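For reference, the structure is listed below as structure tokens.
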Amino acid sequence: MDSFIQQLINGITLGGIYALIALGYTMVYGVIQLINFAHGEFFAAGGYVGVIFLSFFTGLGYMETHPILCLTASFALAMMYCAYLAIGVEKIAYKPLRKEARLAALLSALGVSIFLSNGLMLTQGVYDKAYPSELFQGGFSFGIITIGYLQVLIVCLTGALLVALNLLVFKTKIGMAMRATAQDKTMSALVAIGSNKIISLTFGIGAGLAAAAGIMVGLYYGSVRYDMGFLPGIKAFSAAVLGGIGNITGAMLGGLIIGMVEIFGAGYISGEYKDVFAFIILIGVLYFKPTGIMGENIDDTRV
Amino acid sequence: MIQEFKKIWKQYAITMLWLLGLLWPLLGIHPDGTLSFKQTVNVWSYIFAGTFICFIFYIINKSGNFEFFTKPVVNTSQKLGDIVQAMPSWIWKSALLIGAIIYPILTGRYPTDVVINVLLYICLGLGLYVVVGLAGMLDLGHIAFYGVGAYTYAILNVQYGIGFWVCFPLAGLTACIAGCIVGYPTLRMRGDYLAIVTLGFGEIVRIILNNWMSLTNGPNGILGVKTIGILRPVMENGLTFEIFWVKKLEYFYYFALALAILTIIAVTRINFSRIGRALEAIREDETAAELMGVNTFYYKLLAYAMGAVFAGFAGALFAARMKFVSPESFTFLESVMVLSMVVLGGMSSIPGIILGVIALIVLPEVFRELESYRMLVFGLTMIIMMLFRPSGLIAAKRKKMMETKS
Amino acid sequence: MSAQPILELKNVHSGYGSIKALKDVSLKIYPGEVVAIIGANGAGKSTTLMTICGIVPLEKGDIFYNGASVKNIAPEKLPPLGLCQVPEGRRIFPRLTVEENLILGAFYRNDKPEIQRDIEHVYSLFPVLGERNRQKGGTLSGGEQQMLAIGRALMTKPKVLLLDEPSLGLAPIIIHQIFDIIADINRNQGTTILLVEQNANLALQAATRGYVLETGQITLEDKASSLLHNPEIRKAYLGE
Amino acid sequence: MSKKIFSIMVMALLTTLFIISTASAESLKIGSMSPLTGPYASDGTDIKNGVLTAIEVFEKQEGGIPGYDKIELFPQDDVCDPRNAVAAANKLINLKVVGVIGAYCSSCTIPASETLDEAKIVMITPASTNEQVTDRGLPYMFRMCGRDDDQAPAAAKFMKESLNAKTIFIIDDKTTYSQGLADGVSKNCKALGMNVVTHDHVNQGDKDFSAVLTKVKGANPDILYMSLQGYSPAALMSIQAKRMGIKAQIVTQDAVFQPKYMEVAKEAAEGVYLTYGFTDPTTPEYKAFQQIYEPKYGKIAAYATYAYDSTIALLKAIKAAGSTDPDKIKAELMKLEFNGASKHIKFKENGDSGSSYIAFKVVKGEFVPYWEPTNGLIK
């Protein structure tokens, strides 16, 4: 029983991480229907910039005096950096292809992904980078169950971002404009919505979320690596689709389900087949509900 | 010249500044709490110099200042092209064929090896073309069928000692069955939902290959796969046959070439057949196709099965050639690469896809000299190719498919 | 009629890549008018409107709005200037509610109380929208969608309203209702209206002036009433 | 139109391929194969750096090879993918290299060596520990590192004798290397009477090991044997194990012998044991290596040393043979006996060079020799 609860906690944490990445993924998808292969790389870049700033602050000695401030600043700077990166990437590699076949942008996104991960490798070295911070390393202990502060933080952050994003998308004018751009770009222009700005904004927010996820992962696992974006990218994509791609709450749900299935699959059935279980659940769900758990049944605008 | 291209210059300048801003945090902020600019500026100036030269050439070319050079080239190629166009297509085709046949004789081992890869990937790419290009179903797990074909031959050969020519159709068959298994549950899905499910299937196949120790020997792979054996008539003491193992790369090349040509012919036939038209109808509008009496279920399944068969054949040949199979050859990235070949080629013309395959197999080889920068440049090339030829290297005549509805 | 046209097309050429949809089209629309463009399928009517709004790129010629060229202005900058289009097929945002659709019409505006007042105004024009304000746009009927599209365009406070086929696919009774409202908008708010219609009879009855567009060229321009009685027009477009 | 573009592009690309495959220079050419991109780029780069250092040291110490101006290295990227490895091998054949150092992944070394064997090119792998690498009996295949079936008994013996372990929990990450080793350890531990509680697997590229570590915690074994390819997953697992409060001693293997492991895992690495071939850092050979390597590429990692020794061995053999004839080089390699940076080198009949696995312990961020099979604890 104890180990079951521990596995449940593990599952929620891993699911939270997937959800965090999937949120950005699904936002970008929701607006321009692009499978952004490079999202995983934004995530990795976020992790790297996070560690760069954290080490920088440590080097300056601020880390001991104002740890929370430094951490917040690193988060903010990394998110800004990734937003900057993503907006530029969108302008260079995706925008000129917006009117072309959808798969053209997909291929370009793949090129960006390869380019960015190798760029990170070349600028940051082929070795893992350790997170300097010992922040939040402790945890609560109940008998043999341990809950790290970081696990709590990951879950809280994911929850908070979910709420914030839902508010942004459903309660603000910008959110409405995002949804409108997603549905009909020409018409959006006819009601004075600059779709380029909205798309840039979406990319910025999506990449910012990815950066936040990157730092969380770096803190939680203790290191970052140039190719860390690839697998979580696929998992986050799966999570986003499972939840109904374009749907923010769905992405969260999808992330949690995939995380849980992986942990329980590894914990109780077999470690090497855990991804198989995740994919079988995915296929099963999509078989009975071809548009994902929360997906709407209007798919005429897709493909 | 500067005035004319003011906009492009401006964009270029902004891009370079953006890049500088991008590089600095990665290179200029140090863990000891110091900031530096030297390294960033160094790296940046290299990039700047490189891109600037390319850019100048691009501008000069665009403004027509290279005409003294390009014009004759274009003219001659135009003339050549006209001659080619004027020739009956059999001449053109046989010229290509002769070129393909003498290629290994003219060149060395390494080009032959790379071209064998190209030929195998042509089979894969054309198989995928049936699924993606014709039927419009986004498939991110195509490499799984390749894997199934390769493992079918490897297992049958190593464990049961069955020869290549028996296993070859069996590899196609198992891949076909795998295709149907994948196809069946996915037929209800469309677009990206389909993509993720095929991705899932591809990964499931890879993970099974990696973990089913008793059958596939897991990550160790299967060693000692025999190459193709053919019966060769021997004239000594009457007419007898002996088995001749195709060990030399040059000989093997011809088998790959034959398979590729067969695939090209088969896919061309499919393309212009009833099946091809039905698949295209499904791609353009599934509902309408169904209303017109196209059995979409059957045809979509058929598309999967056919795509898988070609991949399976290619897989068997791959196993025979490597004499070794391991799950590393069948990763998700390979699937994406095959898809990229199809997309890069223009998605709906067979020569285009062949060109896409050649580009994506040969380019990483060309970039081998760059060592660690190899994949970086490759990624960049992919982006640039897409930006300059967004509808593929050879754009399709009917390019309506898969467009975003505005 | 005042001397200064509010919207003017001068020798406009445009098209989609190699297909030239408009060849040398010139139009003048004066403030307060209702101008109809009639023509057969594929004559370039919708392209004209899309070119005015900058969606279809202009190849040659120029477009003046209020005396200033709008050639190089991005499409999304035009509604704030008072130029708004209700495109063919309504194109409301199907997954947004009726109210959200209306709010988006006022996207560039920041005057909250004013927007609220305008929404109420649209609801008073089209009471059915008020009843369904929480419903998703995609679930409305064709007529309701047309009303919503017009309502949404009104939210941009247009000085010139471009209407593309407002009667398309609607029941006659709804068509009349909608044309009444169009006339009302023109009369009460002084909005200039450029109307594109296949239903020539209807359009010319509502309009003050009319243009006839054939294969991308203006072939005739006259008072609406004269066009209505022009035997050739009657033959070609009114089915006589 | 399309036909024209098509034919021109095809010709252009294929001709380029032909041109790049022919190189010319009056130098002795050797090749290396390792993943320079992709997930194993760090180990692959270590190998390349090791080879480059060896060439530099050899040219300085032995004055190069008579008849050649310089020794030129052609490093090839195999991305740890068999298809790429074979292509790289063929490219090296075309470049007419005399010998090849590589590859890293056993699944690349095996097919690449078959190809190189056809062209009779000597291949020395510094990193592929799978038995099949040399057991296939290829005449030109040599191995500088140890074998899985050498390391596994040493590890089992160490756990039994030095750590007095009774129960052991094995985790591998399903690569040729890690699984082969884990299977060997499992077998040897059983033979020595230890109880292998579970032999569980994770996947390559995983970051989150919490599920399997929860199992470890539940099982509460004496030893957690981590068989992971590379220091990176090992560091992740050590951190997570520590965080979860796992009491078991962690034992791991030579792939983790990379100073970056301690840098990433920090105090979670303290007290971890690992088996690795005995290397005496005080020998002049090691110092010569260190002097050149460390200022350029940073701290020395496991495969860099082996790559260095492989290259030195190859170059010595070529020099002794006085020609580039593969059979002569092979004969010289078999005769060769010298002290390398990593160990005393003498190739056996099957191409293996033997190994001297000992146990190291991480103490204050350093790998400290801890135990050796014959004499027990090292003082």
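Per-chain numbering from 1; labels A, B, C and D assigned in written order.
The rule is simple: contacts are C-beta pairs under 8 Å (C-beta built on N, C-alpha and C of every residue); 3 or more make two chains touch, one makes a residue touch a chain.
Because the structure is a prediction, the values reported are computed rather than measured.
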{"item": "Chain pair that, of all pairs, has the most C-beta pairs in contact", "value": "A-B"}
{"item": "Rounded Å distance between chain A and chain B, as computed from the means of their C-alpha atoms", "value": "29"}
{"item": "Gap in Å, rounded to a whole number, between the CA centres of chain C and chain B", "value": "48"}
{"item": "Inter-centroid spacing, chain D versus chain B (mean Cα positions, whole Å)", "value": "32"}
{"item": "Between chain D and chain A, distance of the C-alpha-averaged centres to the nearest whole Å", "value": "35"}
{"item": "Shared interface positions of chain A, touching two or more other chains", "value": "118, 121, 126, 184, 186, 272, 275"}
{"item": "Junction residues of chain D - those touching two or more other chains", "value": "37-38, 41, 45, 174, 201, 203"}
{"item": "Chain pairs that touch, as defined at the top of this document", "value": "A-B, A-C, A-D, B-D"}
{"item": "Chain D residues within the chain B interface of the complex", "value": "1-10, 13-14, 16-18, 20-22, 36-38, 41, 45, 48, 75-77, 80-84, 86-88, 90-91, 93-94, 105-107, 110-111, 114, 118-119, 130, 132, 136, 174-176, 179-180, 201, 203"}
{"item": "Touching residues on chain A, where the partner in the complex is chain D", "value": "2-3, 6-7, 10-11, 13-14, 17, 118, 121, 126-130, 137, 139, 141, 144, 146, 148, 217, 221-223, 225-228, 230-232, 262-267, 270-272, 274-275"}
{"item": "Interfacial residue positions of chain A with respect to chain C in the complex", "value": "173, 176-177, 179-180, 183-184, 186-195, 296, 298"}
{"item": "Footprint of chain A on chain B - complex, ascending", "value": "15, 18, 21-23, 25-27, 29-34, 43, 132, 136, 138, 185-186, 188-193, 195-197, 199-201, 203-204, 207-208, 210-211, 332, 336, 339-340, 343-344, 347, 372-373, 375-376, 378-383, 386-387, 390-392, 399, 401-406"}
{"item": "Residues of chain B touching chain D in the complex", "value": "77, 80-81, 84-85, 92, 96, 103, 106-115, 117, 207, 210-211, 218-221, 223, 247, 249, 318, 322-326, 328-329, 331, 349, 351-352, 354-355, 358-359, 362-366, 368-369, 371-372, 374-375, 393-394"}
